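Please find the structures below.
In the two assemblies presented below, subunit A is common to both, partnered first by subunit B and then by subunit C.
After this line comes the complex of A and B, so read on.
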């Protein structure tokens, strides 16, 4: 509560300062808050959650519409979806080799990119949170945030310039009498581009978790005779688990649903599921089949996230009250 | 090459080669009843040399004549299509006034019933019969020119002269250095012939086509779209490609040493057109039609298609100097004997199926 000069007991001496309008407003608000019924607090929480719930609700509505479209077959004589519902689109996916190839390619990339990002992000995040050099920390922060200012498509085109037949890498190799080599338009190139794109996300998710581990604990482990490796494996990694799981979740789901890297760096023969969805909607105008693939992709993303959380155990994200 | 529909279409293409002097003039009676002019018309177009040529040959002169500003929307033709369809279905104003589109893609919109009729365009009576779409009721689309999917190549890798067969695509030295469209468009009929099949078997039996594409897959081709071909030739990524001659010509204009040919097995010829989505106001529809009508005129086509290096449907066009006698600029019966036309309706009805097979091979 704001103190008024009359009630503060400090009224003696020179004339008191005028009681400001802003203080009076705050007093009024406090008075209202004091009379606010305790049970209304729950309503306020829901009110604050409402925008987020609306956004998610719209997403669910979109999924329902796609679910309906996925059960209708496109008639290419009229380019309209059938009136009748059936599982024909899903049956077709089951027997379509391109879908299988794309599915396994997407899942394989998700696994590899997530693992690589975690391995590469950990030392970066640790250096960022543990270094005593302000200059190094600034440098690492710039390295972390700079990529966010450059969009994914621009970065992918950057790799086209660097890795092309007449690109920087082949020019350097040429000086050594090597190459030129085809470095673009392969699965490995797509993975490389994805790792480069996802790494800052992983560092960003991991750094707060590492920063929350008190250095004293590591020093205590060392003073008790634990080697640095043992301390890392037995102390740091378990305590960093919320950050590791969060990083894995973000990288895995973004990779699984990525479109631009396979489209730009894949040379047309290394598509992911998102590319297949795009093709169905925009190239063949088959909204039914496109919706079916989109729903499979959504299901896969949810499953990957669920599996990660299940593997990491209860409370993996460090959310209070998680069991 | 024995497909009767091909010969029929070829005759249609050449049927009025001697026809009619061009003219932009709209009858005075029509001018007197002209509805209010919109501030602008939005015309969807492809980027690069495509939109530059359209602007120079059609849009800017149209603005000069009518005072209506033309805005070019460079959204891909495949991507604007579902937006137009949704707008028409929901009774909203479509996002564009005129869609410059491949005839095959436009045919899918015509089959869905979202195109306005263009049968009353004055210039339609003065151009080659090819301007009217084959196999569709009425005139929902107007074809404006034809183009050929040529074999483009780097002359330095063929010191003995231009390749004479599409079989060069299978030469081991070109492994990883060939390119096709990422949906196989433009290559299916050629692959059918190369696989030992007949064009007349399309779409009934295309196994020879898929067999050849499976062989081609072993060559690790790059798959892309129009701008990619120019870029790949420029950056030295490819030596040989099946692409529209305009892309090769653009690369050449940018200083890349690229040439093109129509091999002995033939090459696919196709058309592009324009159409107007339903849902425009009456005055917008009128002026959108006037725009397309102007695009049909000799005056507009001469400048526009000089830029693209493509033969138009207006009579009396002069080929660009660099394309006189070029097989990718067919003007005579003999030129067309080497070209393969698949009716757009067949393409529209089977695109998804062909795309699925092509993807299955290329993504596996």
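After this line comes the complex of A and C, so read on.
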């Protein structure tokens, strides 16, 4: 502990109030800070931003390269992209039924998973922020963070073990004289896996927004004559909007671009756009078409995020300057 | 009233005889600790009651039980004659102003004030006019379109008051809404509360730890400590005749003297017998037992050492400190005759300066009527 008198300062000896080493270090730092040119401070603030900007900037560079590739057609005789630019890849996507099916499947999953996650995360986050029992809160927090220790791929394989023909569920059903049912490789299974994966993210984004609503506000709503349901609809949900939007944003963008759940739980029968991109790059080796799909995916993700942020209005995510 | 949502009927016929609020032996326990024990009181219609006490005295718990945010573990609450123990808060005819106001930040001032009308199913055509009327009542005309954060602290207070009163509740609860205000705004809002309360004649329970506020606003005062009601009465009575040493202390008594009780009643300190008055027979000291005597600083008169009062009534003492407060001067005194006891005295007419410097010898005196005697066992840490 910082207060323990054991570690006294350098050569402080048996003096009644030893000057601690940590204080000396702070003194030294302050001495440096005192001589620091004041004008450098503003520059340093921006300098610290640079690494983050670089990393994000590199991503934009990659996007530009893909944008260029998407305008070139793969020549399968030479396995090289054409020299000329054309919209041929996009035209092909327009007329390709499987692509349309995948697109709508991805968008549908995004909508459903986001809604389900919000509905399921809300009571969890509310219990987390409202319970007066410290033990229950700890339990809920552990339950929230435990899934993060298990990666997405590992978790998907776990579901294979549980939901497979010889899996846990079918064995239990077998004992009851039912089944076996084919539970894997269905759209519902993919959705289920995605909801299970995204739920902690949604709770994490939602909890701070709910914690920011004072209990007094809900009491005030009751004293105004609002039943708990009407208080929820008229007061709590509108006040929780930044958190709801943040949660929706994270879940929607992660779901739309998800790869592992449809690949493993869908087993190729329920591909999302990311799986299509992967196939074009690494199975068909058509970097041109893959890039085109990737750009469509990026465009969709940006649109979804933009729509959600527009819906939230100013003050979304609680990121706002001081009033 | 067009409200139909209330579970508690408010008919006019037999109403006048029935009190607005009755608490019957209320108790509330958190874990093993009783936050409130055996609290009973009765509040007539139109009266303004202040529940006064330090934090942890149980006053907020009492308010929560009346509002219905919590259920009593013992006893009952009756509102306008009806037992409401199973009635949820949103069905009680109660408007409330909260400590941190709890305005709805996503609604305008007018939206906040209209909210209880919508929730209590008022005729939608009637709502705008009523909101306007109450905006006017709290002197916020023309500010209805602003959001709470666009209003000043005092204006937010007024919105909260209007929101609590707009549906003309039978009972108004104030949960220390003035606690966080600076002194000037606080005094302004106190007068504002009183004006509005009188204008509407609404029965009110106010919870506070500010004794001045209690005296300024109330028709009746309840003083609480440690989960119990120590005294209930009119402000003047509670001030003049505190029933308990804690009440005396909480209402600003500066000096507590310790000694032995004697018949008369009186208190003996060292060689001196000081005649006094026991304001409440239930807490009066029995002769021969330890007693405490409460003495208000402003009832102590100070004389120059030479110009002493009637013989045998004054005490020689030494000034140890003076505090000049402009309109009054506070003296800290030591009385050697009473075993070096410390005494506080106030000179209410100092004429712009402290007459007596520290170290000066003076004489003090007071009327036996102003020396309030209590059983010493009521005063914590009173081992003789």
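Here is the rule we go by: the second predicted complex is superposed on the first by the 278 of 323 C-alpha atoms of A that agree within 3 Å, B and C clash if a C-alpha of one lies under 4 Å from a C-alpha of the other, contacts with A are read in each partner's own complex, and residues count from 1 in each chain.
Definition applied: contacts are C-beta pairs under 8 Å (C-beta built on N, C-alpha and C of every residue); 3 or more make two chains touch, one makes a residue touch a chain.
This one's a predicted model, so the numbers in the text were calculated from it and none came from an experiment.
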* Per-residue contact with subunit A, leading partner among subunit C and subunit B -> B
* Asked: Which of the two partners, first being subunit B and second being subunit C, lies in contact with A:281: first, second, both, or neither?
  -> first
* Thinking of the overlay built on chain A, is A:239 touched by subunit B (first), by subunit C (second), by both, or by neither? -> second
* With the two complexes superposed on chain A, say which partner A:67 touches: subunit B (first), subunit C (second), both, or neither. => neither
* Is A:267 touching the first partner subunit B, the second partner subunit C, both, or neither of them? -> first
* Check the residue A:98 against both partner chains and state whether it touches subunit B (first), subunit C (second), both, or neither. => first
* To do: Check the residue A:301 against both partner chains and state whether it touches subunit B (first), subunit C (second), both, or neither.
  => neither
* **Touching partner for A:78 - first (subunit B), second (subunit C), both, neither** => first
* Structure fact -> Residue positions on subunit A within touch of subunit C in the complex are 214, 216-217, 219-228, 230-231, 234-235, 238-239, 241, 323
* Structure fact -> Per the touch rule above, subunit C residues touching subunit A in the complex are 5, 67-69, 88-91, 94-96, 98-100, 102-106, 115-116, 119-120, 149, 163-164, 167, 173
* subunit B - residues contacting subunit A, complex -> 76, 78-79, 81-82, 85, 108-109, 111-113, 176, 182-183, 220-224, 235-237, 348-353, 355-356, 359-360, 362-364
* Structure fact -> Contacts from subunit A onto subunit B in the complex sit at residues 74, 76-80, 96-98, 101-102, 105, 160, 164-166, 180, 182, 184-185, 267-269, 271, 276, 279, 281-287, 289
